[in-house]
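Two complexes come next, and they have one chain in common, subunit A, joined by subunit B in the first and subunit C in the second.
Then we have the complex of A and B:
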């Protein structure tokens, strides 16, 4: 009898341990990889911000405390880049989201040829970003691209000039390329979320006499809200860090008008080879993005609590 | 009533058409440049189609450049990364979706933070770490790095797909005696095929077109991926735009095929009825 009771007494404990460790077993492979390949280099990168690291200078490498940050607080180019980042990120995310949402709504209802249409409109996402940048720089060039001539013919521009070399308009070049490239991301994720909304909700609302606008506001938007929150959060962070298009299309010019923080970091690291200063800028950007993310998460939490 | 419905349908199709035109026109321009002979490149720069089209750029790229090697390397790297990320992200996403455990919020915070640091700054430390292991200048090293970069977003994506599947399904299986892992593998995973397809697609295209790390970690032609290969058309005597664009068009083909392949799963089954019925 004692022999029979023994394994039964042990099993719950064993099972408790097994149950408690189960979620960790599932997430361990991903976590180990992220920690070794991203977090350890991240810590190293942060430490560079407090050291004098210049690639071609063998005497560099010493600890210099907050010197980089003092220099940064007086760096006018950095503050200009910060303002440009706001403009670049805000306009890109807003336009990508708006056009992505419209596209997702258009694709949500079945029609003949939807599969083909979907495959075609999602294609820009498959284009490597620097190839997209190169191609758009080409399109905006009046010698080899049609866009300036079209805008001139439509009366938008006084002469078929290259907007990438106009200090007041240059930022629109990378923004247009970015919107073209990023619409599919929002469209795909929002479409997936749209299709998960139970159809009977719409039917019930129709019977109750709700118009299309009312149905959109009271059913579609609330259901999409969690997806919208996470995608906008992630896209904002990605786009503010996304220098490819700008580096390829304008390289920050003309006169630093399109220099964003991410491209400024790239310039400091790979053109001036000053990794210490570049790391300091990156650390400031990281802190700003962290603050922004926390704000979004808090906002979402309060909205959820209200609901 | 009928005419207004017809008008609405026409407006809907026109809007879709507008999206298709905007999405495809830049790609059409890429194609146009790739078939324009070099001597007409600037003189007929703004024409919709050159007066004389040629495939010489394509011939050169396929037969006389290292492009086939780049292409093969990119396929290996993007394919392996997509598969590795999807496996890791399915497991981690399942843990985040189905379990309540203490470290959960820390894991989410950790994954979010990794998205915020400019990757440019990770180049030097990662190079320092990989080089003693012999993983620089190797495709394996690239796959490891890309997998780590893509796992966080893919985990969030997979978690959201798992969240959409009712818990009763695996609870029923577990009452019948299956362990949770068996229930996960045999019941939940097949239901998330659309999500898996979307994740595979996102990761494949991301790894396919990554340039910065491919450029910094790989020095020889043997292990170079195609974005780096595209730059070789720049660094010669002058930029050969025709050949570069031809290579670019060729490089779009696998990504397009991949998208066509997965987009069927993307819509099918994402409808809630398929799961709940």
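Then we have the complex of A and C:
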């Protein structure tokens, strides 16, 4: 053994360095890529939140500590955007989930033409969000769209007005567009989960005496629960960050009634060109979403452990 | 407990018929086994009794009451599935009590029913576990426990042992038989395994291609198979067949094989001389004797431990012999055999038994 060990002892320094750095060299391309495309922008963005960065002011750029956050804590527009975000996200996710689940349950039953129906259901997902926003904005426009006239005829509205210009109703416009656009995601994922439930269980339950409602509650729901938790988590994060439809349809108006945090960041960064303040808001949103995600992940874990 | 009457049952999936008019009367407390190869319609028949498949034509009565249009839950039957179909998110106790909870039974009644079933099946230490923490045999027991707690009019078993390994299957088979002895519940059991059918059944219903081939006690089917299908299906290794022409000659009769050789049948039978017929004999009934009438060329020897399966050729027709004589492990190239006349089965042109 001493003979075998001997050559190692006199290994030249260069060789030893090369051997030691070998694993790092192998992983370097991937690490460098991740650092440059993910970590650097993230760190830069976070650093903006503590600096005074205004594109139109060449003297800006200095470190200002927590000034942005102090300003933010007194910014009523921000708090309204936060409330609007809750409203926008809650209503959109709930309605998308509800209709997606109903659609999935319908598509789970065999009927003629089910293959075509399943393909059609996926269609809204393939429409670019800006196009969807424009379409729905036009549909709500009484000059060219039919929706206000229909709602007036049904007695839902007093006059065929554009709901997007009514401060009390404006948020419903983007929410409706978002629900239409997002149903396929829930329908398809829930349908996949539904089809993974063994049919035997439903048969056993129907012999045990369970009616349709009891079968849904004691078999379908427990089986869907993990999928529901993870899809709702994903959609909540996406939708609360999803300003496309709002920017296209209402641009935050009227009177900031449809301004959500994501669109407020967009306004601060690209209309007022105050990147520092926009970054501070983004950081707050990031922390809120992280906290929310942790909560859902914990919930899902306990659900899975129980099941 | 109840009797079950099945009258003229037909079933088609779309235009494809799978059951062609099944009639069956099951007495109260009887253990009936539906046996047949895959696709013979036995599971479909069971699922129709359970209410999981619609009846295309005919009538099913449980305890004298027509149930064709009743939902499964209103038929008061319990079913054990091949996959067990246990509710994975419920504990063993909850699985077993689910039907009682749905019927809003009292807590005391549920507890005593589950306790009784659990002690009968040895499930007491497992009641709080989830199905995924159980072995295959334990899951099987839970599935049976779930059926027992209800005290239904009838038990339906859909290949309940197919997912178990051979040793466990043997053990559960005996447990099911013992359980039926205790409960005396009307049971219908579907299997493709003829050993399960033979050992469990009060009466076997042999099915093939959507038609009932024979209904009888296990020994009826073994000793007097009604047709070629039953003869070939029941028994392992399967019955040997010689196809030929039935020729009556004087007091006796014989079977003329294709190559001109004849096999004596002993007595005259009720079919026309000259008609096509098939002679059958079970491997265990072939007698190896030095003075035997036939010469058999030995092709292959399969020792099973208990006995020996010999693959031989007689008159160019391959057949099997089952013998307990260990000397036959090294029989030499040829043996002489006899086909005892009282063990022969003759089937006519249509494949039905001729006596």
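To be clear about the criterion, the second predicted complex is superposed on the first by the 264 of 307 C-alpha atoms of A that agree within 3 Å, B and C clash if a C-alpha of one lies under 4 Å from a C-alpha of the other, contacts with A are read in each partner's own complex, and residues count from 1 in each chain.
The working rule: contacts are C-beta pairs under 8 Å (C-beta built on N, C-alpha and C of every residue); 3 or more make two chains touch, one makes a residue touch a chain.
Just so you know, these numbers come straight off a predicted model, no measurement behind them.
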Side-by-side fit of subunit B and subunit C on subunit A, or clash: fit
Subunit B versus subunit C as contact partner of A:39, first or second or both or neither: first
Of subunit C and subunit B, partner touching more subunit A residues: B
Partner chain in contact with A:218 - subunit B first, subunit C second, else both or neither: second
Subunit B versus subunit C as contact partner of A:208, first or second or both or neither: second
First, second, both or neither for A:198, with subunit B first and subunit C second: both
Subunit B versus subunit C as contact partner of A:237, first or second or both or neither: first
Partner chain(s) touched by A:290 [first = subunit B, second = subunit C, both, neither]: first
Touching partner for A:153 - first (subunit B), second (subunit C), both, neither: neither
Touched partner set for A:304, first subunit B, second subunit C, both or neither: neither
Minimum C-alpha spacing, chains overlaid - subunit B and subunit C, in Å: 7
Set of subunit A residues, in rising order, touched by both subunit B and subunit C: 198
Residue ranges of subunit C in contact with subunit A within the complex: 50-52, 71-73, 77-79, 81, 83, 85, 87-89, 98-99, 102-103, 130, 146, 150
In the complex with subunit A, residue positions of subunit B that touch it: 12-13, 15-16, 19-20, 22-24, 26-27, 29-30, 33, 41-42, 45-46, 48, 88-89, 91-92, 94-96, 98-99, 101, 103-104, 107, 110-126, 128-129, 144-145, 147-149, 151-153, 155-157, 160, 164, 180, 194-195, 198, 205, 208-209, 211, 227, 230, 241, 244-245, 248, 251-252, 255-256, 258-260, 263-264, 266-267, 270-273
Of all residues in subunit A, those that touch subunit B in their complex: 20, 22-24, 26-27, 29-31, 33-42, 44-45, 48, 102-103, 106-107, 109, 111, 114-115, 117-132, 134-136, 138-139, 142-146, 149, 180, 183, 188-189, 191-192, 195-199, 227, 230, 234, 237-238, 241, 243-244, 262, 265-266, 269-270, 275, 278-279, 282, 285-286, 289-290, 293
Touching residues on subunit A, where the partner in the complex is subunit C: 198, 200-201, 203-211, 214, 218-219, 222-223, 306-307
